[in-house]
Structure formats: C-alpha cells, structure tokens
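Labels run A, B, C, D and E following the written order; every chain starts at residue 1.
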Amino acid sequence: MNNLIEIVSIGGAVVAVSFGAVMPAFSEGRAIAAAMEAIARQPEAAGTLSRTLFVGLAMIETMAIYCLVLALLLLYANPFTG
Amino acid sequence: MNNLIEIVSIGGAVVAVSFGAVMPAFSEGRAIAAAMEAIARQPEAAGTLSRTLFVGLAMIETMAIYCLVLALLLLYANPFTG
Amino acid sequence: MNNLIEIVSIGGAVVAVSFGAVMPAFSEGRAIAAAMEAIARQPEAAGTLSRTLFVGLAMIETMAIYCLVLALLLLYANPFTG
Amino acid sequence: MNNLIEIVSIGGAVVAVSFGAVMPAFSEGRAIAAAMEAIARQPEAAGTLSRTLFVGLAMIETMAIYCLVLALLLLYANPFTG
Amino acid sequence: MNNLIEIVSIGGAVVAVSFGAVMPAFSEGRAIAAAMEAIARQPEAAGTLSRTLFVGLAMIETMAIYCLVLALLLLYANPFTG
C-alpha cells in the first residue's frame, strides 16, 4: 500500500487538468462570442476590441496553465515520492 | 495488486481527454455560431471577424491540447510505472 | 499510515488549484463579455473601459494566484511532512 | 493518530482558500460587469465610477485575503501542533 | 482522544472564515453593481451615492471581520485548550 501516494498523484493531476479545461474554455468561448457581436455592431472599433479581447483571453489562459503546471509537478517533481 | 497504478493511469488518461473534449468543443461551437451571426450582419467585416475568431479558437484549443498531452504523458512517460 | 499527511496534501493542492480556476475564470469571462458590449456601445470610451477592465482582471487573477501559492506551499514547503 | 490535527489543518487551509476564491471572484466579476455597463452609459462619469469600483473591489478583496491569512496561519503558525 | 477539542477548533475556524467570506462578498458585489447603475443614471448624485455605498460596504465588511476575529480567537485564545 506504499504506492497510494502515486495513485493519488495521478488522479490529482487528471482532476486538476480537467477542471483547468472546463471553466476557462467556457469563459473564453463566452468572451469570444461577445467580441464577435461587438465587432459586428461597431466594425470600426475592431482594433480596440480584439486587443482588449486578447489580453483578457491571455489572463483566462493563465488559469488553465496553472492547473497544467500543478499536474506536471505532481507527476515529475513530486516531493513525496521517494 | 501492483498494477493498480497502471489501471489508474489508463482511467485518468481517459477522464482527462474526455473533459478536455467536452467543454472546449462546446465553447468553440458557441464562438463559431456567434461569428456566423456576426458575419451575416456585417459581411464587410468578415476579415476582421474571422481573424479574431481564429486566434480565439486557437486559445481554446490549447486547453484540449493540455489534456491530450497529460493523457499521453500518463500512458507513455509515466514516472511511477517501473 | 504515516503518509496520510502527504496524500491529503496532494489532494488539497489539487482541490485548491481547481477551485482557483473555476470561479475566477467564469468571472473574468463575464467581465470581458461586458467590456466587449460596452466598447461596442461607446467606442470613444474604449481607453477608460479597457484600463478599468485590466485593473479588475488583475484583482480577480490574484485569487487564482492565492490558490496556486497555497497548492505549491502544500507540496514544497509543507511544515508537517518531516 | 497524533497527526490528525495536521491533516485537519491542511484540509482546513484548502477549504478556506477555496471558499475565499469562489465567491469574491464571482462578486468582483459582477461588479466589474456593472461598471462596464455604467461607463458605457455615462462616459463622462468614468472617473467617479472607476474610483468607486476600485474601493469596492479592494473591500471584496480583503475577504479573500482573510481566508488566505487563516490558511497560512493554520499551516505555519498553528498553535496546536507541537 | 484529548485533542478532539483542538480538531473542532481548527475546523470551526475554517468554517467561520469561509462563511464569513461567501455571503458578504456576494452582498458587496451586489451593492457595488447597484451603485454603478445608480451613478450612471444620476451622475450629479455621485458624491452622495459613493458616500452611502462606502458606509454600507463598511458595515457589511464588519461581518467578515467578526468571523475572522472568532477564527483567530479559536486558534490563539481558546479557553478550553489547556
């Protein structure tokens, strides 16, 4: 039963990366949909809109990256597995 | 009972890639639908709209790729299986 | 049963970083969607809007970072694991 | 069974920081969305609006910080762990 | 089983500070959103509105502080732990 830590690490990495994909993806889709609608209403503001959108997407993306980093740390830099 | 790690790895890879398909696919569909509507309303802004859309889709796609990478790592570069 | 602390630490790090991705991502998506709509209605206020938005996104981002910090502390600076 | 206090401390720190991320993030997103809408309707009041918004965000942020402080106290200044 | 008091104290502090973050944060976000809308409709009343808002936020904030104080008392001035 000594490999329970490894099992929990694998399961935890899976859970982290799954949660890190569900909600950020939903939020990015919502933001992009709103941007499409906004550009259709004000095509001349497209530059400002897409610049603001990309900064926002980058900030949402960081959260998915946090989850991925933690998952990789659990697998390859786990301090508790010998 | 020594192959429990392998069982959890296989199950985890499946869960990760499944979650990585559910929500990003939904979000991309939503974004593309909004883009269709927007191009229909402003056909002359189609270039800007599709450029913004493609960058956004690429950022959503990364999350599905994170999940796929983790699933492949669990299968082929698993540090806990001998 | 001495490694129960380590299992709880790993599980706790996963839970923390998952919660730290779910709700902040949802809120940022909502804020960005509202900003898109606002810039479309008042393109001349785009500078003020995006400045206010970025400060707000930074404050939401801090919460995700708190969760990541706690997860990393549990893994690498855990005071209870020998 | 002497390490049950430590397990409860770790779990408690995780719960505290998770709750401290969920609701404050939701509230900040809501406040920022309302501010976006308000600035779009009254661009000339943008200074007052963003000043009021930032004070409000700071007060919501304090709650997330309370939770983080309690989590860190449980880990590093716990009076019950020898 | 003498340390059950300490376990309950830690759990109680976590529950207190978590509940003390959930609802006050929601209420403050709601109040700020309403203030944003009100200032947008009556910009000339912005001074009165923001003054009233800040007093209200301070009174909501006190509840979060009560919870934090009780949590800290449970940890550092607990009368039942020798």
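The rule is short, and it goes like this: contacts are C-beta pairs under 8 Å (C-beta built on N, C-alpha and C of every residue); 3 or more make two chains touch, one makes a residue touch a chain.
Everything numeric here is computed off the predicted structure, so don't read it as measured data.
Steps from chain A to chain C, taking the shortest chain of touch contacts, total 1.
When the partners of chain A are compared with those of chain B, no chain appears in both lists.
Across the assembly, the mean Cα position most removed from that of chain D is the one of B.
When every chain is reduced to the mean of its C-alpha atoms, the one closest to the centre of the whole protein set is C.
Copies chain A and chain E of the same sequence differ in orientation by 55 degrees, per CA superposition (steps of 5).
Averaging Cα coordinates per chain places chain C and chain E 20 Å apart. Centre-to-centre separation of chain C and chain D, using mean CA positions: 10 Å. Mean C-alpha position of chain B lies 38 Å from that of chain E. The residues of chain B never reach two or more other chains; the list is empty. In terms of which chains touch, the assembly is arranged as an unbranched chain of neighbours. Counting only pairs that meet the touch rule, the chains in contact are A-B, A-C, C-D, D-E. Across the complex, chain D meets chain C through its residues 3, 6-7, 9-11, 13-14, 17-18, 20-26, 28-37, 39-41, 43, 46, 49-50, 53-54, 57, 61, 64, 68, 71-72, 75-76, 81.
Across the complex, chain A is touched by residues 2, 4-5, 8-9, 12-13, 15-16, 19-20, 22-24, 26-31, 33-35, 37-39, 41-42, 44-45, 48-49, 51-53, 55-57, 59-60, 62-64, 66-67, 69-70, 73-74, 78-80 of chain B.
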